Structure formats: structure tokens, C-alpha cells
Amino acid sequence: METMIDGDVVAKENELRAKNLQSDFNALGEQLGRRGIDINAILAKVEAFGVAIPSWGVGTGGTRFARFPGEGEPRDVFDKIEDCAVIQQLTQATPTVSLHIPWDKADPQRLKQAAARFGLRFDAMNSNTFSDAADQSHSYKFGSLSSADAATRRQAIEHNIECIEIGKEIGSKALTIWIGDGSNFPGQVNFGKSFERYLDAVRSIYEELPDDWRLFTEHKMYEPAFYSTVVQDWGTNYIIAKETGDRAFCLVDLGHHAPNVNIEMIVSRLIQFGKLGGFHFNDSKYGDDDLDAGSIDPYRLFLVFNELVDAELSGAKDFDPAHMLDQSHNVTDPIESLMMSAIEVQRAYATALLVDRKALAGYQESNDALMATQTLKTAFRTDVEPILAMARQKAGGAIDPVATYRASFYRKKVAAERPAVASGGGGIV
Amino acid sequence: METMIDGDVVAKENELRAKNLQSDFNALGEQLGRRGIDINAILAKVEAFGVAIPSWGVGTGGTRFARFPGEGEPRDVFDKIEDCAVIQQLTQATPTVSLHIPWDKADPQRLKQAAARFGLRFDAMNSNTFSDAADQSHSYKFGSLSSADAATRRQAIEHNIECIEIGKEIGSKALTIWIGDGSNFPGQVNFGKSFERYLDAVRSIYEELPDDWRLFTEHKMYEPAFYSTVVQDWGTNYIIAKETGDRAFCLVDLGHHAPNVNIEMIVSRLIQFGKLGGFHFNDSKYGDDDLDAGSIDPYRLFLVFNELVDAELSGAKDFDPAHMLDQSHNVTDPIESLMMSAIEVQRAYATALLVDRKALAGYQESNDALMATQTLKTAFRTDVEPILAMARQKAGGAIDPVATYRASFYRKKVAAERPAVASGGGGIV
Amino acid sequence: METMIDGDVVAKENELRAKNLQSDFNALGEQLGRRGIDINAILAKVEAFGVAIPSWGVGTGGTRFARFPGEGEPRDVFDKIEDCAVIQQLTQATPTVSLHIPWDKADPQRLKQAAARFGLRFDAMNSNTFSDAADQSHSYKFGSLSSADAATRRQAIEHNIECIEIGKEIGSKALTIWIGDGSNFPGQVNFGKSFERYLDAVRSIYEELPDDWRLFTEHKMYEPAFYSTVVQDWGTNYIIAKETGDRAFCLVDLGHHAPNVNIEMIVSRLIQFGKLGGFHFNDSKYGDDDLDAGSIDPYRLFLVFNELVDAELSGAKDFDPAHMLDQSHNVTDPIESLMMSAIEVQRAYATALLVDRKALAGYQESNDALMATQTLKTAFRTDVEPILAMARQKAGGAIDPVATYRASFYRKKVAAERPAVASGGGGIV
Amino acid sequence: METMIDGDVVAKENELRAKNLQSDFNALGEQLGRRGIDINAILAKVEAFGVAIPSWGVGTGGTRFARFPGEGEPRDVFDKIEDCAVIQQLTQATPTVSLHIPWDKADPQRLKQAAARFGLRFDAMNSNTFSDAADQSHSYKFGSLSSADAATRRQAIEHNIECIEIGKEIGSKALTIWIGDGSNFPGQVNFGKSFERYLDAVRSIYEELPDDWRLFTEHKMYEPAFYSTVVQDWGTNYIIAKETGDRAFCLVDLGHHAPNVNIEMIVSRLIQFGKLGGFHFNDSKYGDDDLDAGSIDPYRLFLVFNELVDAELSGAKDFDPAHMLDQSHNVTDPIESLMMSAIEVQRAYATALLVDRKALAGYQESNDALMATQTLKTAFRTDVEPILAMARQKAGGAIDPVATYRASFYRKKVAAERPAVASGGGGIV
């Protein structure tokens, strides 16, 4: 299997840190042992955990005000796959890539080969009916799957079916639908009729879904629509999954909720009613900020994983959530942000595994709120970095992925091949 | 039929205003006529519209910091019914009263007679498992219908059944359940288990529901629980109604949502899926502020009624929403606030009736967002006060209810009979 | 003076509506007369009221996800001035245009002539250091006036001074500074140091401000920075104005605040301490949605004007607020949206003029909260459209601007000359 | 010096944990040593750190819906001081108590003696003009320091002066003013006039402030007022401190801000302009939830302390923040919650001390956002519990305060002496 970064660089960087890692790992192992936890069991779970990289995440993001490009940005899906390979090589936590059509449209065989070179696989396919492609007949300015115009809806349905077709060829097993449909003015759309049209359209797509695929629909409170959004919250998303079929599930993006909403509770509800499809991980302080996972509120991310681990251990029905990052990297090197974010997601998982669930259940039964919450806090504040680093090292990744990445001068090297992109924005305000 | 305020006072006050009212009514009628609207058809609809008064609303409210009592506060449910009679006499918009058990517990026959004196009827019954009554065996400190303790749940179920029993005797046809169950700390309760227990408990209550009754469950984002709430949003509320049965519906309180949430869209979704039970009308700027309906964002109230009128005119299935005020009057005379609030709700209804729905549908079809929203705005900014005042006058109410109420010196009179209550608060912070 | 739309079209459209307008105006005049208000005094105030059009507002806006262009979009600042002339011709409420540099950079003499053709003048100049221009030496990716890099700050200062220089030649009397500086990650910037640098930079710009100019700084909670923003709220903005000098004032954009914030109170505070510079009017439901003024919460806009009228009538010190629209028109014809928005701002002003301020002060003194708020509501719900339409008609504008605009086929005509622009977005996510 | 809990209980419980604590302390010391940090220097700082207990915090709190009392609640200020003594004995982190007048009014000499028994001192005095005391002449229903009524304002001023007088006798050095003044309806109060009255009243209080005292004013977005609040945010609070005098400072309660607001940035601004007085620590998810410090978003608490440590190390002018808890304990034993909250505040301080500030400054200079934020995260995720526990043990406190407290059966013992209080609420809704 190929690697984008020379194995010697990784080995040399790891050598600098291996001894201290072992010492920290041992100290943590001893402490966990006292708490009745086998550090190697946790290590094994972490090793088996993966999160998908969105192909669009390796490019520099932006806002409606501007985009400030980075050096050596990927020119096409094949460059993107190479960047994803770097992330996986160093973190060993991101074995899959999630494509976006039409941005990543290419010959499926070439796509498969490009991924196979690095041992990567393809996660959920993502359709795009929130912007107009150069050649399309009908504009999505006033909606796509919920458009008042039948031909526009048909076009959007067919685009989704095309995504399934491509996905089938490259080994994907899911389609994720996120649309921007909604309105900017009270009265602009009829809520009921537009949701009916949306449901009909999703059913048409679902009919084309292979038996071993799942359909993920994603809700979002607002943006790009600023008064109403067709799939605005988990309540609507749940109805969609329920009305569509057994293989239809809800996707939760952590940044798509109203202020103050208890997201971990939504996750619990979707688990309970068998409709949790998966996640778009990121973090946010205000709106759909698409910041790095765990960078703003790491405890919230832990609380989400607390629900996931609880479901995993209790054998919840239809529970098999897809994990994907979905972030916009405006001021960092996207490869670095994605590496650290994948590790943050792993960290949330690892700390959630440390929760003493028997004790917790007891405190819940006896209404001992203080000890219940301390049980979570004790797990959360355990520094599991030695476990995560050990998992990376064991799999051939980097103990310190960012330092190793910088030592490799990968970005400089690709910048030499990939021409600089002009600054953008300035017109969309 | 008796009245609390002397009919001569009303007549005298109306006399002062009747001529101008007629003149304004005529001018508006002419203007509406030009827009193709028959003012008398609107008048008839307004005359038929009513909103229930919550018995607890006629007392002065407060916050956890303090309660500043008003003059002449009702001492018991019979005083409350008299105050409600004043509201109905002057507004002719509030023919029903909604009781709260145990606060309003009394001999059902006496209750019926007390209401019948003034031609009032009883709306939905409200149970209370969010505070402990003096004599109860199990505390609701850690939950009621979702409590981890079976005996506590049983007690809460039985209390709700008792509310149904009382309601049956006094002619009520619905039970409203709002609970404060939830948690203040991550980990305090298991989300899934506590919701299961809640669902089981609601099913037990539903089994006792008479065939011609409806069950309303009410969601609320937070308060009194500050980390998680069992029935936290419309998504959960919808699941409850769906899992419970055909006569289970969702109640929407306008102040119970996350910041920025599009409430009119939630109303539309519940209508579309046959689960809108009714409303607790009020207004809010921050949390569950329980301010007077329409006092903060009157356009939002109009947009809610825009959905209701649309459903009424299009014959939506299972559509028969209950209208009730639910407010806390901390700095005004509750009777005055409730009169003005009932009128605000009527006003939202009347203006929503003015929407040119044929034109609106056309603009929606052709994506003419600007004209669609102007169609709503044109209706909203029409000053329908002459219609509302004319409806009151025709039915024997007051053209200007507040002025008439003040001219009657009702508050002074009852203050002489009802002893002053001491200031409260100061301990609950 | 030239007009973009044939005067005959306007005359013909007005003829259709003049009689009914007169009748509605008379009826309203009679009703207001009864309330002690002279309709002609209000009319005179409305006639004297104007709001500036932002040059960038006449182009179709977009989001980071996509931009869906409209027909006949302006190609340059001269096309934009022609579109602004249409808005002013029909509404007679928008006598000035606010330019944005570098987007509107052109020979100042040509700019003056272009505006003079239509009797337009220039309002505040707007600088841009939130995106990179093609030719600039230093990128604003990591900040502009607050950048850690001195050369970048110097460049940003000089750009602002250039804006002043252009403004001096075309008759502007104010500079508005809005920057996107901030951070996306905790720790990325040092809050204190970066604010110090910002203050130093603003002082350098202020030194170049002509004596008869004012400097407006604008705060915004978030976007494009998603963790912290240097000028994040009115508190920081007030400190800036205070630390900078007597001609430094705060600009309030209605969409730049945290959820639930009481904006009219901020307006009052800035008036009280002599630091209100003016407004960017628009409306929002979620974030900085830049929707049409008054389209989401018209009562809030009224409450802002209630403060402005109160200050105007009470002769508040240093009170001379600049009025400007700042909106993004993604789904409407920008000319139509800007016309209706200017009229909405006028409407808020006109209704605020109707408030019975003597009665209001009395109710405030006696803590009669109910009558105080009803005093505002009575003014708000008065339909002043006849006054606004009469003001337009008298000045040669259109009684119904949108209908008249559509009847003129202006958009079709310019679309024939202005080539279609390709759809955008799809890369910035 | 007396203790409320037998020293033997503490010793016995500590014995069970001392060996493991030493082992964890050593392992952490070694790890920190590798990072260039002397664990004993951090330990010394933690030992010197204290946070005040609010006297009202040791009673069970409630909401407007209900209060569910706990066992053995304190009957008066002397019981409260005993409970505070327990907290200090076990945590050694809470050497002071903050009193609330009139709730804690008693003979000053007895108060001093009661505190001296346990080596406790008195922190800031808190006045109460948000509720009516039994004997007062004028009600605060419509405001206190900002009331439209001069006699009411005078009464409120005199109450604050009385608080100063009591404080002088018991060794307090600060007065904290929080008022509930505001309005529930648009128009109810005149924003400008009511703020002028407030400023005048505060100046009158300030005139009576001893030279070595500080005045703290506290802002809050809403509650108990639900439309506008006189001291609504830090901007207004800053103006108050600025207009009042050199010894007037702003108090920051973490739960008193609008949704999504960046609180650590407000802290930085107040530090920068010399007006940070101190804190009311707690946590919140929705409104002013008054939950245990660090229980909802521990990273936010860390980020606040990151600013405080930065100011401490850089010698910011006038920087001497007062630390106080201000929480409502509705479902836990208040003593347990206060102990854990004091420790959480200590923890935030200790982890903030671990930040590599030289590296951070370098990353900020070079715009290395990723490494800057990782520098904070590395400190935050270090589990400093061994340092905190060691500080407690060294000072004679408990390694595990909650376990030790439970082992002492303190609550059971006082419950035997302190009669049960009846359940409350049920009237204030």
C-alpha cells in the first residue's frame, strides 16, 4: 500500500516520543486499573473506530464575504483523495472518504483505484441540489426536491439517483441528502404543500435505493434559507424517515440546531425510535459555524458519545451510526484540522467508554444527581491521549500527527505542483 | 344570566363610542369592499371565535425572585370564575374557563352552577404534577410521570385520572398534561428510560379517557428542569401523540421553544400530520416569559393564525384546535391583561381572514416571494379594531373593554371583600 | 432631471389609484383628527424622511452555498446608480446612495455626474478590509485593522483613508467601517492585544477625517469569524466611539445582535450617551440574515423608531442618525425589495410619529403598564399606507411602486443590455 | 478553631485515599515536568485560591413552579454559617461567606463570632431590592433604584447604605448590587429616564462607600423583567462603572448573557478597561439556570480563567477579581453542590495555569490558529485532580469531599435539629 508521506519521517518523529508515550500509557493504565477498567480493552475499541473524511473538507472553506485560499489546495477529486490519504496515514482513524456529486464526479473506476492505492474506501455519497451546476436545465433558486415546479423536482430526483449509481460502482452503501430548500419571506412558500412535494420526491429516490443501502436525510435550522427551511429540525427529519421506509434514517449535524438545544437528547430520541443514521461532526458557537469538532464545547461532544456508547453497550435496535466530519477550514491547513478533529471524535468515544455505567445506572435509579454527573465528569476529565496515541502508533500512524505532518513538508511539496487559487468572495454579500 | 358589572355602565361607556365606531366600521367596510372582502362575513367569523381563560390567570403571577400581589386577588375558584365572567362580559370572546387541579378543586356541582350563572362553560382540565400538594404521599422532586419510582408514577397517573373524573362532571372534553420532569445535570436521568416510563404513564391515562375527549400533551424546552426536559420539543410531542392514540394531540405554547425557532412552521407540520391539539397563547422575548399575547411580536401571532385559517379553509383533517390563553400577569391587573390578550388573539384571527389566499397561492406557484409576503403584510396591517369592537358591541360587550372595566370600579369593589395577600418570594432563588 | 422610467408610466399607474388613495387618506385623516393628530403634519415629516440605498444592494446576493443570479444585474457602479435612480423615482424616499470601495471605485467626477443626472447624492463611504482585492500586497485572512502584522494594518488604514479621499470628492460626509476581524478558535488571537491594535488603527484613520465628517463603526456578533469578533457588540462599539473622538459614532445593524437581545434598548443607550451614528436597516430571524426591513418582525422596527422619534422630539444631544438599508436579496428583484424596504422604514417612522407621547409619559409615571403598551400598539396598528402613498404621489413618485415598476418593464429592458452572470457558489462551503 | 465535622472522620477517609493520591500526584508531576511545569508551583497557587460561598446557596432553591425542600435546611444565618463551615472544612477552598440583607440580618457581633468560630470571613454584602420585605413602606413591584417614584428610590438607596453599615461592622469590603428593575411590556418604562434615575441612585450609594470598599454592579439579560432590564448587559454595566467612580466595578455572572455570547471576551474587555470587579460563578444551558459551576460547559469556565490567568501574569491594572459562587440547588444537597462547584472553579484556575503562554503568544503572532488552540486544549485536558486533592489534604481538608461528607452523616444530624420545611410553589406561575 502506498503512502503519501515517507514512512521514515513518521518513524523518526515517533521515535522522539515513543518512550514518553509508553510511560504515560503505563501510568494511565495503572490509574484506570484502579477504577476497574482494562486500558487494553479501551485501546482495542479505539483502534476499531473510524470517522469518514468529506472530500470537500480538504479544500479551504470560506464565507459569503470572502474565501482566503490556502497553499497547495487540491485541484480535483484525485488530489483530494491524496490529502485524505495523508490524514489516514498519520491518524489511522479515517479509513473512508465521502464524495460529493457533482464536485467529485469522475470515472468510477479511476476513483476506486485512486482510493485503493492508499487502502481507502468510500463512505456515503452526497448529492447537491443547493447550487446550480453549469449545465443544468432548471435552477434551484426557488427549491429543488420541494420546488413548486415539477420539472425542477424531477431533475433533483434524477441527480440523487445518479449519485446512487456512482456510489454503487465505487462501493458506497448510503446516500446523504441535504437540501437548502426553504424561504426567505413569510408567505413565500406554503409549508404544507412544499413538505408534501419533498416527501414525494424522497420516496421516488428511495425507490431506487439498493437493498443494502441506507438513506440519510439531514435537518438544519436555517441557512441558506433565512425564514423557513423545509427540513428544519429533527422532528421533521424523523417524520421523513418514518414516512419513507425502513432504510431511511436521520443524520445529525452538530451545528444545525437552534441555540441552546440539547443535542444529546435528540440523539437519544432517534436511537430509541430506531432512526439514527449518523453524524456530521463539527462544532459551533453561533450558527452552522462548521468549526473543528470539539474545539468549542468538548463536553457536548462527549455527551453525544455518552449516548452512543450507551446504545452500543445496550444493543439498541437498528443502531449503526455513520460517523463523518463536516467542517469548513477557513484559517487552518485543512489536513491539520481534519486530523485533529478525527482525533477529537475518537477522544470523545474513548472517554465515553470510561464511564462507569453500572454506577451511573445506580445513581439514576436513586436520584443521586450529583454522583451521576460526577460519574460522567470523572470519565470526561481523564486524559486519554496516551490511548489515542498508542492506537495510532500501533497501526503505523503518528504519535503526534501535526508535528509529523509539518516535518514531512507535505503542504510545501503539493503547493509546488498545485497552482495557487485566486482569492474569492467580495460579490456574495 | 347574571353579570358582574352593571349593564348600565357598559351601555353608558358604549354610548360614548358608538358613533365613531360606526363611522370607522363603514370606512373599513368600504376599503375591504374594494379589496373584494365582505366586512360582515369577517364580522360573523369573529363573533363565532372564542378563547378560553385559564383560571390561574386571573391571579397575579410572579417569578422565583418575588411575587408582588395585586389588589383584590381571587381567594378561590369561585372568585376566579367571577373574574372570568367579567372578562367574558366585556369582551364576549372568552366563553370558557380552563381549570387546574388541585388548585381549583371543589364540589363539581357548585363549579357548574358558578359557571352557569354567567353562561360560562369549562374547557380543558389541567393536571399538576410539577409541584407537591400538601397531602401527597410521593414527592415530584425527581419527576412525576417519568419518575424512576413506580409508586410516584402511579400517583401521578391517578391524579390525571382524577382530573378526568372531575372534568366529566363539569362538561370538560379534554385533559391537558404538562409536566416539569427532566434533569438539571448531565447524567442525572437516562433519557431513553425516562421517556419510556413517560410513554407508559401517558398510555395508562389515555386508557381512562372518555371516547369524546381529547388528550393534549404540551412540550417545553426548559424550566423548571434546566439541563434536559422529557417533553422538550414538538418532535418528542409528536411521537407521544403518535404512540398514544387517535385522540392524543399536541398542544403548542408559543413561549416554549428554542430561540429563533419558526413556530408557525411547527404549527403547519402538526396540522399536516393531524396532531395539532391546540394552543396556549402568550408572548415571549427570552424564555417562557408568559407575557400578554401579541405584546412582543404581533406579526408572529398573525403568522400562526395564517396557518390556522389556511387549514380551516382547506378543510384539514382532524383540525379543531383548542384556544387557550396561558399568561403570567406580574405588573398589570390580570383582568385587563386577559381582556386585551383575548382581543389580540381575535385580531390575529381577523387579519388572517383578510389574506387574499387565491392571490397568495398564485404568488407561491410562481415564486413571486415579494408579492407573496406583501399579500400577508397587506392583511396584517389592516386595522381591524372596528370589526372586533363591533362584534363586542353586538353581543352586549364593551366597545372599549379596559375603559369600561375601569369605569365600573370592579377591582376596587372586590378588593373590599377579598383580603390583601402578603408579598411572596424572597426564598426561592 | 432625468428619470430611468418614463414619467407617463408613472402617471398612468397613479391615475388608476389616485381616487381611492384620496378617499383612504381622508378617512384616515378624520380618524387621526379624532385622536388629536393632524395628518398633514405627519405627511410633511414623511416627505422629509429619507434612507440611503447601498450600492451593493441592487445586485442579487447569495450565501456561502450558492448565488443564484437574477436577470439584468448591474455590471458596474454606473448601472447600480441607474437602479438606485429607479428606486428613488418611484419611492421618493431614497435620495442618497452609499458606495463601497473597491467595488465601486471609479473616476469621482464621473460618479458625481452619474448621480447628479438623477438628483441623487452620496451617503457614507464603506471600506472593505474583509476580503482581498486582486492587487493587494497583504492578505486579510488573519485580520485587517487588528492584524498581528503591522504592514497589514497599515494597508488597511490606508485603504480607509483612500475611501475618505474619494468621499471628499463626491460629497460624502461619513465613513463606515465594518471589519470581519476575529477568530475561529479559542486561543487564536489575544483578545486584549488585538483590540488595542484595532483602536490604534481606528485612531489613525480618524486623524485623517475631515472636520465635517463623522466616523461610523459597526459591531456584529459573528460571521465571518465564528469564535470571536473584535467589534462584537454595542459595548465594544461604544468604547471605540468613546476612545476615538467626538466625531466617532456607533452604527447599528439590526441583524448583528445575539438572539433575543432588546435592540431598541441599545438604541436608547447610544442616544443617551451621544454615540448613535445611524443604522443599517434590514430584518433577521436567525443570524445576520439581511432580509428586507420589517419583513420578519415589523413591531421591532417600530419600537426602534419609537426611540428615534422620542429622541427627535425631546431634542437629544448629538442626535442625527444616518439611515441606510443593508440587505441581501437572494430571491427577489433587488429593486423591488429595496423599494418595499425603504417604505417599511418610512412606515415605522410614520407610525412612531402617531404615538401619543404625552399620554405615554403619564402612563409611565403612574406604572400603568397596560395602557402604556396599548398606546404604542394603537399607533403601530394604524394603517398609514395612505400617508406614505400620498407623500410619494405628491413628490412625483408612484402610489404603488412595485406595480408601476413592473408596468415599466425596466428589468426586461436592462436585461437586454446587461449580460447574464453565471451562477456562483459551490466551492465556498 | 472549631469544625462541624469530626476530624477523625476526615482523617479516616483520607487514609483510604492518600497512597493513590500520592502516586497520581507523582505521575502527573513527572508528566508536567516534561512539559516544563513545576507541579509544586501550581499546587502553591491552588492553595492560595479561594471562592466565596453565598449564604443563600446552602438552602435548597426552586423555580416559580415549585420548590422541593431538602432535609435539614438551615433555619437562619447561623445555620447557614455552619453549613459554610462544612464546605470550607472539607474543600479548604471557600474561606469566605457572602451575606444577603435582609435575609441574613442579625446582630453584627454575633455574625462575626459565628464566622470566627470556624475561621471564616465575610465577602461582599448583597442588597435586595428585587422583592418586598414584610415591613417596607414602598413596594418594588415597579422598580427600585430606577423607580419612577422618588420615595421608592430613596428607600432602595437607604437599604443599600444599611448593607454597607452592616458590612463595615463584620469586615466586608464590597457591596454587590443586583436589581430586577425593568419592564414586561414595550412602553412600560422610558429606557433613558429610568437609566438616568438608576445612575443617580447608584451615585448616592457610592457616596457612602468607605474608601477601602468596592462597589460591584451586576448585569443580567432578563428575569425577573421579561421585556427590558435596566442593567441588561456588560455595555450598560461598563457605563455604570465608568460614570460612577474609580471604585465601581462590573460583576459578571456566567448565566446572565444572551444565547451564544462569548463571555470570556467580555471578561477580557472589562479587564482591559480596568472595570472587572468579579464573578458569580455557575453554569447554564438556557437562561439564568444557576446550575453548578462547570457542570454544563467546563471548557467555557476554563476559557474564562484563561483570561484571568493571563491578566494575573501580565499584571493588568486594577485587576483583583472577587470570586463567588451563585447557584440554585434544586435537586442536590446544597453542601455537596457547593463543594464540587468550588473545586470546579479551582480546577479551571489550575488548568489555566498550565497553559504554555510563551508558546501561545508565538502561535498568535504567527497566526497558527491550530497550534494556538491546541495549546489551550493540552492544558484543559490535563487531569489536575491530584493537585486539587493534594491541596485539600495538605490544608486539612478531604481528599474526597463528597465521600467524606456522606461518611460524616452531617445532613442527617442537622435534620434532627432543623425542622422540615413545607413544599412551596404552586401559586407563582
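A, B, C and D label the chains in the order they appear, each numbered from 1.
In the analysis below, contacts are C-beta pairs under 8 Å (C-beta built on N, C-alpha and C of every residue); 3 or more make two chains touch, one makes a residue touch a chain.
In this text the structure is predicted, and so the values were computed from the model without any measurement.
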| item | value |
| --- | --- |
| Identified repeat of the A-C interface (over half of residue pairs identical), from A-D, A-B or B-D | B-D |
| Farthest chain (mean CA position) relative to subunit C | D |
| Centre-of-Cα separation between subunit D and subunit B, whole angstrom | 39 |
| Centre-of-Cα separation between subunit D and subunit C, whole angstrom | 42 |
| Two or more partner chains touched - positions in subunit A | 141-142, 183-186, 188, 221-222, 227, 259-260, 262, 285-286, 292, 295-296, 299, 331-332, 367, 369-370, 373 |
| Complex contact set, residues of subunit C against subunit B | 20, 23-24, 27, 30-31, 34, 259-260, 262, 285-286, 292, 295-300, 331-333, 336-337, 340, 367, 369-371, 373-374, 377, 380-383, 385, 402 |
| Residue ranges of subunit A in contact with subunit C within the complex | 56, 59, 61-68, 103, 128, 130-134, 139-142, 180, 183-186, 188, 221-224, 226-227, 259, 284-287, 289-292, 295-296, 328, 330-332, 422-429 |
| Subunit A contact footprint on subunit B (complex, rising order) | 141-142, 148, 183-193, 195-196, 221-222, 227-228, 232-236, 238-239, 257-262, 264-266, 268-269, 271-273, 299, 303, 306-307, 310, 360-361, 363-367, 369-370, 372-373, 375-376 |
